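Reviewing the structure listed below.
Going in written order, the chains are labelled A, B, C and D, and every chain counts its residues from 1.
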Amino acid sequence: MKKEIQFEHVKKSYGDTEVVKDLNFTIKEGERLILLGPSGCGKSTILRMIAGLENITDGNLYMNGEKMNHVPSGLRNVSMVFQNYALYPHMTVKQNIVYGLKVQKLPKQEMENRLNSVMEILQLRGLEDRLPKSLSGGQRQRVALARATVKRSDFFLLDEPLSNLDAQLRESARKELVKIHEMFNQTIVYVTHDQIEAMTFADRIALMYNGELQMLDTPDNVYHRPANVFTAKFIGSPSANILEADYRNGWVHTGNQAFEVNDSWKEHMNKQSFDDILFGIRPEHLELSTSPMSNGLEGRIKYIENLGKSCSIYLEADGQEMIAVSENGSWKQGQSVYVRPQSDRIHFFNKATEKSLGHPAERTETNQTIEERRVLV
Amino acid sequence: MSTLILVREKLHINKENALGYILLIPSIVIFAVFTFWPLFYTVYLSFFDWNMISPSKEFVGLRNYFDVLTDPRTYQILGNTFLYIVLLLVINCVVPYIFAFVIDVVLTRLKGFYKSAMFLPAFISLVVGSILFTWILNPVSGPLAIIFGWVGLEIPNWTKTEGWIIVVLSIITSWKVFGYNFILLYASINGISREIIENARMDNIPLWRIFLQIILPMSSATGIYVFIITIVQSLQYVFTPVKVVSQGGPDYASSNLIYHAYHEAFVVFRTGHSATISIITMALFLLLLFLEFKFVERRIYYEN
Amino acid sequence: MKINRTAEVTWHIIFFAAVILLIFPIVYALGMSFKPLEDAYNNVLNIVPFQSTLENYITLFDTLPVLRITLNTFVIATVATIFKVVTAFLAAYAFVYFDFRGKNILYFVLISTIFIPFTVTMIPNYLIVSEMGLLDTVWGVILPQLADAVGIFLIRQSMKNIPLSLIEVARLDNTGHWKIMKDIVLPLVRPAVTSIGIWFFISTWNEFVWPVLIMKTTDNYTLPLALQMFISVEGGTNFTVAMAVSVVTMIVPLALYLTFQKYIIGTFTSSGIK
Amino acid sequence: MKRYLQALSILALIIFLAACNSEGSASTGNGEKTVIEYWHVNAETQGGKTVTQLVEDFNQQSDTVEVVAKYNPDMYKGLMQNLQAEAAAGNSPAVVQVGWSFLNYFSDNFHYVSPQTVIDEHFPDDKTFLQDKFLPNVMDLAKNGDGEQVGIPYSLSSPVLYINRDLLREAGLDENGPKTWEEVKEFSEVIKEKTGKYGFYMQEPADNWATQALLESNGARFITDGKATFASDEGIEAYQLLRDMVVEDETALHIGWDQGIQSFIDGSVAMAYTTIAQRSNIQSNAQFDAAAVRSPGWEGKDVRLPAGGAMLSITAEEEDQQKAAWEFMRYLYSVESMAEWTKGTGYVPPRNDVAEAENGLKTFLEENEMMSAAIEQMDGVVPWASFPGDSGLEAEQLLLDLRDQILGGSISVEEGLKSTEEEINELLQ
């Protein structure tokens, strides 16, 4: 049986409030799936339903091909890392890690082996007899990870496991997670609201909003081909520019200005039917210049945010706000500037449904395979 | 087929929860036999005229309620009860609150000593305390009266003076109750983060404001608990000194609802009246509980 | 925190006065128990007796099987405490970690028993105990005190302070409820359970209205009942022997308190009764 | 695990002990002996030791009966409470002490059997025991409103006036104390004036015994033909005197009983009007020249003193229990036992032949002067007013409430007595 998790019309509601609406998707064996979304979007609820900590209001959940709706947590072969780590405060590091194994009556030798190996991997040597309260945040996180790892379960669930760590620790913790996954190849479901974590760690991202799945795809596709306005805006920082616009005969009109799209876009757009559209472009895909450009829009700099390596430049064009990014530090507030969207990086959305109108077929960016990505991380 | 699965699923849920019921069984059984059965029996008795031993109980309908509610003495005792409540709240809620605050937040020395010493009487029998206080507070011959006598003061004849008797019995009760409440409140205040208080001190906020506007709201959950427990438990505690010292006298001036129920049942053996008074007392308590649930529980969420 | 010196001194004076008020009766009782009765009447002020005597204790031990009575009291208090704590713990666990039909109503009903005055339950309980043939027995005294809603309330409060994720982690390991109770919940609520246990023990130890009703023979007395033997309005109270009984009655709670003082205050402080 | 086991074994031990305890008491009925319960109110300071001794001695000499004594705290009221509970549960002891004020309530509500009935049925030899040994007016004390013999008088007490001779002398008063109530009032005034101490204290327990003595000696009657009649002119006059001392003159103490006695013993009050049962307490603890004198009367009137104390009544329901009860009682009423009883309690013996008997109290009385006041005034003893009917106890309670009202100064004597009398008579109908 494949170590898959399959949602079939899964719903979850508390009283009248639906927190998860009609969920349909499959998490593949050995995959690192990230559940991403702002707080309150239902991502943790999904994780907890997989763990069996929440009942499923409607629909079916399959794991390993078996229906799991009413299987108690303990029989689902999952391990979980909680945001607050949930370490038993009265047990030492070692007791914390082996407690679950003891409950499962694992042979002593096997227990020792597993303990030793995980202590090694997660660099917990020397901390065996400490109580959680005497550990640093990073150490606690590693103990929680170790406790989940020793179980060697098929499914590995993580609920914002890194959110209580500072930036540096996060990076190293991420590497440890990857290491663990490479060793045991569990199916990982990982909840976070941090898109960088998502982009770097995920095989696929499931982006949630308001209890609904917005998009489920590889990080590349989520970034480059957002399925809707929400995805476009949520992924990427600064957030994508979304402007009200008209599309007429190859020209995109924003207020009094307009620019022309390239031929493949024209061809693509001709096949779509729509009334009003929204035009989207990421700040990093805007070319910025002091002198007029063809297909450029004129605007005025309102505010500059210096990020060191680059600056975010807040502009106003035709009464709409836009953000651009530049590595050039010589911009001045109040200056008149011209911006030009890179024409193969633009997005169009149906204004009413906020759904993407799609992209021309011959997009240039490479679509990495999961294996390729993993080598890079 | 699908219905069968549904039923099975339902049963499965129940199986998970069955243990919950099982865990409650010991408590439920004990309460059912030793609390609820007596309670229903009391409700039943409140409709009868009976002296506990005669073989026949005379059904009198609501007459006991009518008798009790039209008896001016009931209102006197109700008044006493409220006086007790007010006094006990002041001595056992307000004072320990302030004490706990000052000892924990303001003082630097002797904290441990004060805690230990004030908690100590909570461990001693109230019967012993009552006997002792009767002796110590004898308005003519007690040590206190003698010491007062040196400076030409007289102790009021509290055992026979309306008002004073309630004050003194409340003090005796407080002797036992004070320390327990103090420790609870101390624990709660002690749990408030020091940063918040230090921050307030840096803003030069006076102590009384810190107490009222920071400590009080942040420890309100315990405060409410102590408040309720003071009202309910203390009234039951007061029973002991009333019985030992004054037997409700003079002329019911120190009786409260609980002692009066006892008096009716065991001194003049009017079971029906006693039951009626008990029921009324409980109704009042439940009203309090209800108010607490309705208004207070909601307000104290932010503590956790 | 800094306050000005006079304020601090004033507070210390107030607290000292309060401490004296609270401790004086205990010291006084102790002093009285070593005085001849005549002295107690005529020299009320000297708390430390001029001529101390063991006479009161001798009278007491001659009159009553004090050890036996102390043992009775101990057995009653211990058994009642254990039962109360265990039933309350189980009930609280059910209320916190299970979701079942009627839970809230049931909780409300059980908690409302705190509000039932004991006068309500006294006579019917006497009838039950008598019906069971347990009059004049230790079990007769213990039986109606096997459960206590205050315990349920306090232990539940304390359990609610345990992060739910701790239990969930254990559930994911397929840990049974009994094991979770024993290995996780109990150690974490131990301060609360201990402080409540101590409290139950002390109150049962000091109880007097109910044992008076149940016990008949001297051999079955509890200490507060023994105290009653020296109190009589008609024949005059033998105050000093009564104080000797009081001191004996106080010894166990006081010893408990003084020995484990730090621990007891600690558990009460950290029991998280909120 | 080890600690777990330890805890478990301790628990097991305790439960085992608890079980043993209950076992122990259940098996007191060993062998052939009939086990009966004797309920008394005698605290250690009030003859408790003597009860223990007598019961022990009886058990030793009897082959057929084993008595278990139960002490009931809080006097006759406390005993009555426990008896209520016991009766409600369908049980009963064999012999109980019933305080006089509960005479009617007891006989109306509890099952009892007249001692003479038991004697007639089972003990022909004792047929005339009661007639021979007790004076008829004493036996009458134990007759209820319907004239039935409910029990046999066991402890008789009467109120006497204890005086602090040192204080009287200091105030220049007759060291033999006042003879009349009028004198009591005068004495008190002088004492207050001369010594600054209180002059007088009259006992204030939860009954109206002393009040009855005060009022009836002045010619008032608490009960006439089953109706309350204390609010007569004589009654009002008598009560007024006490009230004036407390409220107007402030020469008399109005305070709880034990506190009042405490104040007498430590010399804060010169005279105390209370039961002879306090004799040993006062005698052994007062450090001044203390004496007991006869109860004061009213100028030119006969003293009427209600008998205090209790009777023994048989509440056993089964025949063998009743037989055993009488065997035990016969032992208690023997001259020797009676003498012990008197020595232990200070009560006046109800039997007519005990005081003079060599094996009785002869030497004891010679040595204890205070007793003589009580014995001498026995001819003035009348029954304790016990209101008949279901509401008797309520009536009693109303009088207690009245005492607080009058002595607390919240109501005038006349108004208080009259309205209370009316209220009681309404209740009694």
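Basically, contacts are C-beta pairs under 8 Å (C-beta built on N, C-alpha and C of every residue); 3 or more make two chains touch, one makes a residue touch a chain.
For reference, the UniProt names are A = sn-glycerol 3-phosphate transport system ATP-binding protein; B, C = sn-glycerol 3-phosphate transport system permease protein; D = Multiple sugar transport system substrate-binding protein.
Because the structure is a prediction, the values reported are computed rather than measured.
Participant: Where the centre means the average of the CA atoms, what chain is farthest from subunit C?
Facilitator: Computed centres place A farthest from subunit C.
Participant: So using the touch definition from the top, which pair is joined by more C-beta contacts, C-D or A-C?
Facilitator: C-D
Participant: With chain centres taken as the means of their Cα atoms, state the distance from subunit C to subunit D in Å.
Facilitator: So the centre of subunit C lies 35 Å away from the centre of subunit D.
Participant: Please work out the Cα centroid separation of subunit A and subunit C, and write it as a whole number of Å.
Facilitator: Going by mean C-alpha positions, subunit A sits 57 Å from subunit C.
Participant: Can you work out the whole-Å distance between the CA centroids of subunit A and subunit D?
Facilitator: The computed centroid separation for subunit A versus subunit D comes out at 90 Å.
Participant: Return the residues of subunit C touching two or more other chains; collapse runs of consecutive numbers into ranges.
Facilitator: Subunit C, residues with two or more chain partners: 44, 123, 231, 237.
Participant: Tell me, which residues of subunit D touch at least two other chains?
Facilitator: Answer for subunit D, listing residues that touch two or more other chains: 85, 88, 258, 262, 266.
Participant: Quick one: which residues in subunit A touch 2 or more of the other chains?
Facilitator: Within subunit A, the residues that touch at least two other chains are 72.
Participant: Can you name the residues of subunit B that touch subunit C in the complex?
Facilitator: Subunit B residues touching subunit C: 17, 19-21, 23-24, 26-28, 30-31, 33-39, 41-42, 52, 99, 102-103, 105-108, 110, 113-129, 131-133, 135-136, 141-143, 146-147, 175, 178-180, 183-184, 186-188, 190-191, 197-198, 201, 207, 221-222, 225, 232-233, 235-236, 239-240, 243, 257-258, 261-262, 265, 271, 274-275, 278, 281-282, 285-286, 288-289, 303-304.
Participant: List the residues on subunit C that touch subunit D in their complex, please.
Facilitator: Residues in contact with subunit D: 37-38, 41-42, 44, 63, 71-72, 75-76, 78-79, 82, 123, 126-127, 130-131, 133-140, 142, 212-213, 216-220, 225, 228-238, 241.
Participant: Which part of subunit C faces subunit B closely enough to touch in the complex?
Facilitator: Against subunit B, the touching part of subunit C is residues 1, 3, 8, 11-12, 15, 18-19, 21-26, 28-29, 44-45, 86-88, 90-91, 93-95, 97-101, 103, 106, 110-125, 128, 143-144, 146-147, 149, 152, 161, 177, 199, 202, 205-206, 208-209, 224, 227, 231, 237, 239, 242-243, 246, 249-250, 253-254, 256-257, 261, 264-265, 268-274.
Participant: Under the touch definition given earlier, write down the residues of subunit C that touch subunit A in their complex.
Facilitator: 163, 165-166, 168-176, 179, 183-184, 187-188
Participant: Which positions of subunit D touch subunit C when the two form their complex?
Facilitator: Where subunit D meets subunit C, its residues are 11, 14-15, 17-19, 21-22, 24-26, 28, 37, 41-49, 52, 68-71, 73-75, 78, 82, 85-86, 88-91, 205, 257-258, 261-262, 265-267, 275, 277-278, 280-282, 284-287, 345-346.
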